[in-house]
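So that we are looking at the same thing, I have put the structure below in structure tokens.
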Amino acid sequence: MVWEALTLQLGYNATLVTLGAALLGMAAGATGTFLFLGKRALVSDAISHATLPGVALAFVVMVALGGDGRALPGLLAGSALSAAVGLLCVSGLTNRTRLSEDAAIGAVLSVFFGFGIVLLTVIQSMTAGRQAGLESFLLGSTAGMLLQDAVVIAAGGAVVLLLVVLLRRPMTMVAFDREFAAGAGMNVPRIELAMMGLALAITVVGLKIVGLILIVALLIIPAVAARFWTDRVGQVVILAGLIGGTSGYIGAALSATAPALPTGPIIVLVAFGLFTLSLFAAPNRGVMAALLRHRRFRARVHVRQGLLALAQAQPIYEGLTLRLMRRRGLIRADGVATDLGRIEAARALRDERRWQVLRSDPAHEEAAASYDGLTPLDDVLTPDQLAALDSGLRPKGVS
Amino acid sequence: MELVTPETGTEDRALLEASPLAVRGLTVSYGEKPAVFSVDATFQPGVMTAIVGPNGAGKSTMLKAALGIVTPLSGRVTAWGAPLDKMRDRIAYVPQRASVDWDFPTRVLDVVMMGQYRQLGLLGRVRTEHMRTALHCLERVGMDGFADRQIGQLSGGQQQRVFLARALAQDADLYLLDEPFAGVDAATETAIISVLKALRDQGRTVVAVHHDLSTVPDYFDRVFVINTSKVAEGPVSEAFTRTNLQEAYGGRLAAAQMGALG
Amino acid sequence: MMGEEFVVLSLPPMLIGIFAAVACAIPGNFLLLRRQALIGDAISHVVLPGIVVAFLLTGVVAAWPMMLGAGAASLVAVALIEAIRRLGGIEPGAAMGVVFTAMFAGGVLLLEQSDTSSVHLDVEHALYGNLESLIWLDARGWGSLLDMAALRGLPPELPRMALTLAFVTVLTWVFWRPLKLSTFDEGFARTTGLPVGAIGLGLVVVAAIAAVAAFDAVGSIIVIAMFICPPAAARMMTNGLEAQVAWSVLFAVLSAILGYVLAGYGPLWLGFDDAVSAAGMIATVSGVILALAAVFGPYRHRSGARAEHA
């Protein structure tokens, strides 16, 4: 069953939903990266919660006009409109008052959501007996999804993805460094508007599948996960798109296999699984790598300090330093230096002295800037430069 | 972190016990590069010491690590030979102005009275004498009349004076200041230095991170030169030399600043 | 409207609404000033998985296990957010977004997987509570407030919320100075020997307790709205912390009363039959108050320079 779902053999609708979710995930991952890099990930939370009153009002308006209140395009248009108003409120509160952006986000999301709930209860009493089914927008639902709905979602995801590809350069620059982008003559407010517009489009398109509470996850989690693997913005965008797309695909396929597997939550949990993997296992920025590196770094610092203390016949106080030096055979159990320890200590001291000379010499300014107490000077200078430096050492009587 | 251990040489122990603030083997790192490496410092009582060094040389970091505001990678800190935590009552700190949000809803007098927290405790009643002390501290920095002002309305120099007044309200024996003269007007600079000198003349110890080399000889008795690791420490006449500054600042030592060396 | 019917139908939910609003608004002031306003948002999302897990473990829908579950979930969420922020070097907003969405998704999945058809446990309830149903059937008018037998019939949410409010108020009062000091200048607070880390964590725990107690009675929406809107509006009315907290309490009370009344009676006045969601209306009113403060508040603009680093 799972295999059939993953290979798209569960029927036309399920296939379309799965592909739509994959496209949506890709577009969301890529778009979310720009929000995340601009440190504005949670703006999407305000956008998504602010869709609710729009959905409800659109329903009311469509019913009042005599139509079917549940027509998806109408509901999505309404949600886009109220999300846009919510965004305006966030920027108004942030720019025109003393409130910070996080407070503005929280205020907008709770108030719009609360107002949306009020409208939902109004609709309940309007349609007494008949279920409007708008609650499905809270958590998303693919059950009973119409074919044309699936087409709207897939097409929407594809369009947003295309726009992200087209706008990636200016958005990268703005997300990375606003001021620089402005200095380079870019229209920063307009590009930010485009970023927000894309996030809004993702939210609206994703409402039906993932629901408004969880759509934020698709904008945030893939981007954060991708960030662990690379430092290059372009690669983060692509990777986030891949992670988002994979989550959408696997999540939607899995959820098609059983009724008790709601699409939105499954997609989010798949994305979270990929995030957890990235958090721990990613080389370089992952937690394991960072922990190992930190331990190694700390050991280097302690050993170096211990050696310098040995060389200058100063007492070593710290337990960790003593332990590390014993383990490396630099000192004996009673704290006295071994032969190796004496050699290494002399070498460390010589390096420190060389650095001292180098740093006093304006000619070596550039090399001096890389001093951090740990880097051996041999790594910084050529042998010839070292020899020249050492000739400057001797006359001063330090050996 | 046991501090004065049996292994500590008797000579060093005497030094530590006399010193209001001493660090041994202090290394602090924000990433994979130490900002402060293996620094020993022994600040002398009853004098004013400047911590100088180029930008990014670890001056503020060293002070913050000594105070426990950032966690060092290794090293130990003593105040009068004892663990720092036992001596908090005797230490006053003036952080960089820019480290707080001046839009915080409070008034000048409230900020100064934060310096009396250790006396007031959780629920101790604020008595007239506390108010009087706080007002007197404001007076000493020339800010009387500003007690009821909202802190957001202050200029940079006034903010710095309020922070100094708060430290005065701590009534400490050791005053640690992080860039107290950064971005302040000339009148404020004069006001601050005269307060600090008065403290020194009462036998208290002043240690300040300082960036303006030209004023070091006028303002300070001793100097601690740092660029990641310690370059020199001693009386201004001995340690504030062209050689030491050259080592700390490299090519960044501008000719104008060298003029200060006479 | 003010007679026996009021005491039976409206007084208890109104009081519960007021207590919940104030209990959230008080810690909200400090969260706002510490730029942690969205912690309330995160906590209220993870309440759902907390109560679902509590239900799966105990098999009953009862207040205490659910509140314990929700409380445990918020602590797990806060720990996870911190861990991701520190270990992964991820900015707090994004770390929060990752954690609360994933936990919420887990909650929904668990709910779908488990058989809760026999019990009243669903997402909607967690979101907007059921304030209107907390009525006092034993009441026979205002006199019942002095009648011990009748008082015993009060909805249990009322004393629980009152207790929570008292707890929050007393803690805030006792720890006022350290809270204020460490919120304004963390570095300085640390040099005076204050355990600033513990104070920060304590604040979040108190906020979580308020949120969990309030969600049980009124749902999550009010919780998020009350953490942020009354303090944010209050910030624009004054430049003193004491006055700000007082304003926020006033705004919270106003939101609760006006919201409840508008939800219950507004539709009737407009000629509709049914009341609308009180929780939603209370959040809406708090938003209107915030909007008014943002436009007319005497202190709506910044006055001081921002801190250079977060």
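Some notes on this structure:
To keep things simple, chains are lettered A, B and C as they appear, and every chain counts its residues starting from 1.
We adopt the following convention: contacts are C-beta pairs under 8 Å (C-beta built on N, C-alpha and C of every residue); 3 or more make two chains touch, one makes a residue touch a chain.
Fair warning: this is a prediction, and the values are worked out from it, not measured in the lab.
Of all chains, the one whose CA centroid is most distant from that of chain C is B.
Put simply, the chain nearest the middle, going by average C-alpha positions, is A.
Between B-C and A-B, more contacting C-beta pairs join the chains of B-C.
Mean C-alpha positions place chain A and chain C at a centre distance of 28 Å. Centroids of chain A and chain B (each the mean of its C-alpha atoms) stand 38 Å apart.
Multi-chain contact residues of chain C (touching two or more other chains) are listed as 235, 302-303. Multi-chain contact residues, meaning those touching two or more other chains, occur in chain A at positions 98.
Residues of chain B in contact with two or more other chains: 103. Taken in their complex, chain C has these residues touching chain A: 32, 35-38, 40-41, 45, 84, 87-91, 93-98, 101-102, 104-106, 108-109, 112-113, 123-124, 127-128, 221-222, 224-225, 227-229, 232, 235-236, 263, 267, 272-277, 279-284, 286-287, 290, 294, 297, 299-303. In the complex of the two chains, the chain A residues touching chain C come out as 36, 39-42, 44-45, 92-93, 96-100, 102-103, 105-107, 109-118, 120-122, 124-125, 128, 135, 138-139, 213-214, 216-217, 220-221, 223-224, 227-228, 260-262, 264-266, 268-269, 271-272, 275, 279, 285, 287, 290.
The residues of chain A lying in touch with chain B in their complex are 98, 293, 297-298, 301-302, 304-305, 308-309, 315-318, 320-321, 352, 356, 359-360, 362, 364-365, 368-369, 371-374. Chain B contributes residues 5, 7-9, 12, 24-25, 27, 29, 32-34, 37-38, 73-76, 103, 227-229, 243, 246-248, 250-252 to its touches with chain A in the complex. Those residues of chain C lying in contact with chain B across their complex are 33, 174-175, 177-178, 180-181, 183-185, 187-188, 190-194, 235, 238-241, 243-244, 302-309.
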